[in-house]
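Read through the structures below before going on.
One chain, chain A, links the two complexes that follow: it is found with chain B in the first and with chain C in the second.
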Partner chain A sequence: MQRRLANVNGWTVSAAIIMILLFLPNITIVTGIFSPSNENWVHMKEFVLGSFIRTSLILISATAILTISIGLSLAWLITQYQFPLRGFLKWALILPLSIPPFIGAYTYHGIVNYTGVIQTTLRDQFDMVLNPAHFDIMNLPGAIFIYTMFLYPYVYTITRVFLSQQSASLIESARMLGKGPWRTFFQVVIPISRVSIIGGASLVVLEVLNDYGVVKYFGIQTFTTAIFQTWFGLGDIESSIKLAASLMGFVIFILVIEKVLRGRRQYSYSTTKVRPLPLIQLKGWKAGLVTTYGLMILSLGFFIPIAQLIDWMILTFGTIPMDEFLTYVKNSVLVAGISATAIIIFALIVGNFSRLVQGKVAKLLPKLSILGYSIPGAVIAVAVVTAFIALDRFLVPLYQMIGITTTLVLSVSLIMLISAYIIRFFAIGYNSIESGYDKIGTDFRDASRLLGVGVTKTFFKVDVPMLKGAIISGFILVFIDILKEIPLTLILRPFNFDTLSTKAFQYASDEKIMEASQASLLIVGISALAIVVFYKFLEKEPD
Partner chain B sequence: MFISIQNVCFSYPNTGKPALDQFSMNIEKGEVISILGRSGSGKSTILRLLAGLEKPTEGSLTIQDEVLFDGNTFLQPEKRGIGMVFQDYALFPHMTVGENILFGLFQLKKSDKKKRLQEVLELVELQDYEKRYPHQLSGGQQQRVAIARAIAPNPHLILLDEPFSNLDAELQVKIRKDLREILKKANITSIFVTHDENDAHALADRIVKLKDGCIDLIGRPCDLIGIHPHPVPQVTPMIEERELMSV
Partner chain C sequence: MKKALFLVLAFALLVLSACGNDTTTNKTTSNKESKETKETTETNESKEVNLYTARHYDVDDELYAKFEEETGIKVNVIKGEADELLERIKREGDATEADLFLTADAGRLYRAKDDGLLQAVSSDKLDEQVPANFQDKDQMWYGLTKRARVIIYNKETVKPEELSTYEALTEDQWKGRVLIRGSENVYNQSLLASFIEINGEDKAKEWAAGLVSNFARDPEGGDRDQAKAIAAGVGDVAIMNTYYFGQMLNSEDPEEVKVAEGLGIFFPNQDTTGTHVNVSGAGVVKTSKNKDNAIKLLEFLSAPEAQGTFAEANYEYPVNESVEATELLKSWGEFKEQDISLSVLGDNNAKSILIFNEVGWK
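Moving on, here comes the complex of A and B:
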């Protein structure tokens, strides 16, 4: 074993360093639990912690149920039936994912509030004045609606891919045994797709727990908003660390539940070619109903908010100075580009290490660093700030030596924000790279080594070119996620540094929702474009 | 004796029983050895061990007095000078036929590279295919490229894992003949794995039969005729092996 390791030394060392850096900040959170409690924390524990947990539970369970209902029903209809616009809906139904929930939230608020298009139309055209309370969406049900409309695609895509890979015989045999479509759905489809349903739903739940924009805008008290308040409002870092630790505990609890629900049984499709399901042609009112259902969801999750955003953008175009706007674009592209590049390089190194060194530890460690994605942004923000302030303190002698007079250098720089992005989104890049490595297998690498080419040269000449697809897709996924990111960016950006998403969020928070539309549309446009490109990628790969 | 394999043992991590147990044999230069055996008998494993892709728990391997592994040394695969043709060829899909073959020739001067490339292309009769990509070739052509690529750096030993399994029956017969010619022309020592008796008998100078990770029989094809179909009693293989090896 030692000799095998000796050969991969450089890879092992780099991978170890990367993984330690990914873990380290979160350890500060864990140690924070054990620091003595101050008054604020005692008060919070007694009065508000319970309500945070209750609110979070309501938000995640309602959103999970609704996204599963919508996502799974759409996935089933698309894989099983032929109806008008099916081909279009099949990929278009992913599009709501391109709208970050906070943008959806302020857009819907703008649509339904007193000056919004619905109430003004009713007033002016029909002379109807309605009780504004009926139109208030800035509450728990409103937040659940927003999360559902913009997050259901997670469940939809994962279950649809799963169902389309199922052999036709499975579902046909259920039919042959005399089960109708409904009973087939409940007795065969739901049980076999349980793992993918839970997989999709847990992504939704993690997104909800990570969210800061929607709950802040709607004035709902949750862990993330409380972390911000204690940090910036009360200036109480210790208590916000403790809050972050509680939220982390909550997330771990959710992950455990997910594991239990998934069960040990992984339904994996056999490697032999599966016969695709022949579509059943729907006719008459049934076809109309299904198409209407699909279009309705798509309108609520995409077309309506987009139309409103475009309308606002036209109204306000020019009020934001172009050069200012371009600065936000530049900032966004800069931080997202640097972070995504770093993540992909790190993922390539860690992935190659995990492949070179056989053994349980080498396989397990990268999996653990993936936990970073389950940890909400606000928690990572707290962890990273704490770590960087400690680092600055440690480096003060060095700063003095090179003539820097301030004591905070790293913790006020972009490096801190970028590090936090890397920790939070490493998993996204790594997943993509790892599945790329899995797909090419080890034969090409072995073939190259047997031709006398060493591990590192093989990596550049064989692995990297063959991983091109995985590298591009991993980069785009990370890039888009960073483009939309809110809590980390708000906490960790240097003074006066704005990105498209922080600017959109600030405009919306300052009740200038129309001004927020321009930045929002750009974010949505880029994300939607990437999704369409991805769809083409995915469809090209039949197996 | 050119290649000497002594008492090689190996088991995969997390498996109880050894995949290979006390494998020993000597091979002369230019010999074509065939390893026969049922699925799971350890055929691929012995090739991976010789190539350095797995590390044996015991035993040693020397080629021309150079120790490739024993208790103290373990030479990395890229340093061994052993060529391998993979079951599904593992031709680099992003490189042309020419680039694939040149891949292992990085130590040569530019003019020598060109010369060697033409030589091996001629050997496998693919002169006109230098600029093609692997996916533009038929299965048989891909296989010949894989052989050419493995032969090009002049390895001491070339290993082939089920070289015929992806080909249709007609092509198998043709390629079998081609392969023997190529190997003999280039005077390369080779070990190829197969589960097809006919392949082994048509191609090999000597045949090794593996059973559950142990050598069951070893000998020239003519010596093994008639031994095969009957179940072998527990004790006989050892005697026969000794007899056959002393031939």
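Moving on, here comes the complex of A and C:
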């Protein structure tokens, strides 16, 4: 016992350090909640906050329900059944994640608006003029559609990893006990995958809460609008941070509810042999229906917008300077690769700590790291800048010792940007890894420890191989997210540092969506490549 | 599986080592650079200027490259959104590396000045090239290009004679026919801010409320989308910036060109207070370490040569009066501008937001 405690300590210390570093910048924001209410705050409360919050609630609940329905049903079909194109759909269904939602919004608007392909074709070829109101996507349902189509892969990926690693026994037992596929799905699959469903859906909800691009363009006023209105419009960043802090409070509340809901129920591997489920062969119209469903979702979330972007790329090819694009690709891949790797390593350490240490606080603490993901990137950026400038000022004596004469060193380097990514996207990686730890439980680890294998060796020999799926999906999610990230990259980058996403944003924000297609397509291409490499070639799990 | 894991770890290591290398090289260069800055500030011959800009046009990059070619001064750029860049400068305080702040709205320039982030600079060249009403009265910033916020109308359903002023759009005959984007947009905030200055707060609020009651639909999309909505028959008139109209007329997409050709441009308030005009402009940061270079860049950007490029590429009006506008802009004719100090746009910005919220302009 003594020895075990001593060994856990090395992990505990690293986990503690990581968590403190992740929280540090958030302190600037949390303290904002205590700043006094000024007249701007009162005005916001009186005139707009109520309706903004209502809109936000509709937006997040509708998006959550739709992404869960789509993501979970697809994950279930892929892990349970054999049907045409299953192998392709299995990884391709993640692709919509590679399209930044604001680019998706501009693209869909581009397709359906007056000069878009649908209306012009009807007008020019068939002489049909339609009621423009029927083609308006810039409203609340439109925004829900956009978020659903480009964010459902969070739920899909996380639940699919869970279901595919699910020991056959639970579902097989259900099958043997004579439950049909529908009852198995509702009575077994949904309850046992609750953790991963909530994990995926909470990422979706937080992404919707922190996004500003789509709602701004569509003219929908949400809670995020209030944050930016007080900052940009009223020039009152204190009130705006106060609003962001309230948002964080709301997220903490949700997290606690989730923990309570999850309760003490644990589902982990029940036998030593984690066999994948034998796939059930679908035939005839059923197979056709499932394939069609998968292709339909993939078309809406990927093929249709990509076709439009390619069309625009051809239209505008040669009209914008392209000679620097190779540098943008290099920059994008570099920062996303470094940050994603760091996040996965940190998430493994913190996840291991949280699983081994008893007590509610230890379990809840890492969840709080998700706070950074709940508020708009621009606000996080301010917190990170503040923290790094303080750090730089603190380090000035050291800088002088090694002959640097400027005060700002770290905060004008890539280190600030990469740290910001880690703070912001840690939750994405952690969710994936936690769901993996959740699945394997501690029995195998304990057995290994009983056999006298050291903590660290056990971790690498026993846990990491079993976590492989979670590591891969976590890495991909974070990598793609950083590739398309926008406010942090814009605000925190060093001089002369452009990425594909800053380039895409630059054109889109000037209402030049056609010119933004080149950079957008490259983001999609690199993301797709990452997905293909990891899923097709590395994850050779038997189907 | 082992092989897979090995590959993942190998990739991780590779990336990490790349990171290590990269940051060390970065550090050494920044060391070198900072030493250079130190030496050069002493001798006043630094060869750099650090720019924080909220203008994202490709033509800007071309101009910076040309500036470097002509003067040997390298322009280091961080592009971002105006308010976020301002916040970054503010938090960096006197240690900031920023020398020049460039943005596309006079209101933001005012805010930078108001926050004490800019310093007064003067040069004969600047005075000669930038007319007085496009300079800050304390010479803290200088305008570089200008754009007008005008009325665009459907040539088939609206006769230009029916149009007169911004105020007239609140009359009953325009009920359900007016298009304009949302109030989060800074161009609308500056427009209302100018009315607060010219007509007083009450009248301005009346105007905003009247316009809202004539909206063809809840505001959505950007400026170009308002023009398209006219073509689609959603409304008949739209308030938008001139350069967006220019961009549409010259779009790569023939459908957009078709839309723009069906629309007319009208400069409102010609017989009264003048058309609303805003500027792109720049100011030297208070703690600038390369002040001389920053002034040189300002002079370069307002000189006739750069002004031509500025205006041509983005369909904006040059501030430098010795430079002629492009053929397209000339074809729209000369017009009377609002006669107000642009600083008031920033001064009244918060008031406009409050009004927008109160009258329910989304």
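Please note the rule applied: the second predicted complex is superposed on the first by the 342 of 543 C-alpha atoms of A that agree within 3 Å, B and C clash if a C-alpha of one lies under 4 Å from a C-alpha of the other, contacts with A are read in each partner's own complex, and residues count from 1 in each chain.
The working rule: contacts are C-beta pairs under 8 Å (C-beta built on N, C-alpha and C of every residue); 3 or more make two chains touch, one makes a residue touch a chain.
Treat the numbers as computed from the prediction; the structure is a model and nothing was measured.
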- Task: Using the touch definition from the top, say if A:Gly337 reaches chain B (first), chain C (second), both or neither.
- Result: second
- For A:Val361, is the partner it touches chain B (first), chain C (second), both, or none of the two (neither)? neither
- Who wins on chain A residues touched, chain B or chain C? C
- Considering only the touch criterion stated at the top, classify A:Val462 as touching first (chain B), second (chain C), both, or neither. first
- Item | Partner chain(s) touched by A:Met401 [first = chain B, second = chain C, both, neither] | neither
- Would you sort A:Ser411 into first (chain B), second (chain C), both or neither based on which partner it touches? second
- Check whether A:Ala447 is in contact with chain B, with chain C, with both or with neither, and answer first, second, both or neither. first
- Query: Overlap of the chain B and chain C footprints on chain A, residue-wise?
  - Reply: 465
- Item | Partner chain A, residues of chain B touching it in the complex | 13, 51, 53, 55, 74, 76-84, 86, 88, 90, 92-94, 103-104, 106-107, 149-150, 153
- Considering the complex alone, what residue numbers of chain C touch chain A? 1-2, 4-5, 7-8, 11-12, 15-16, 18-19, 22-23, 26-27, 30-31, 34-35, 37-38, 50, 56-58, 61, 76-81, 83-85, 87-88, 91-93, 95-97, 111, 181-182, 184, 186, 189, 218-225, 228-229, 231-234, 244, 247, 251-253, 255-256, 258-259, 349-350, 352-354, 357-358, 362
- Task: Write out the stretch or stretches of chain A touching chain B in their complex.
- Result: 1, 3-4, 7, 358-359, 443-444, 446-455, 461-462, 465-466
- Message: Going by the contact rule set out above, which residues of chain A touch chain C in the complex?
- Response: 40, 43-44, 47-48, 109, 113-115, 119-120, 129, 132-133, 136, 138-139, 216-219, 221, 225, 228-229, 231-237, 315-316, 319-321, 334, 337-338, 341, 344-345, 378, 381-382, 385-386, 389, 392-393, 402-409, 411-415, 464-465, 468, 471-472, 475, 487, 490-491, 493-498, 502, 506-507, 509-512, 514, 538-540
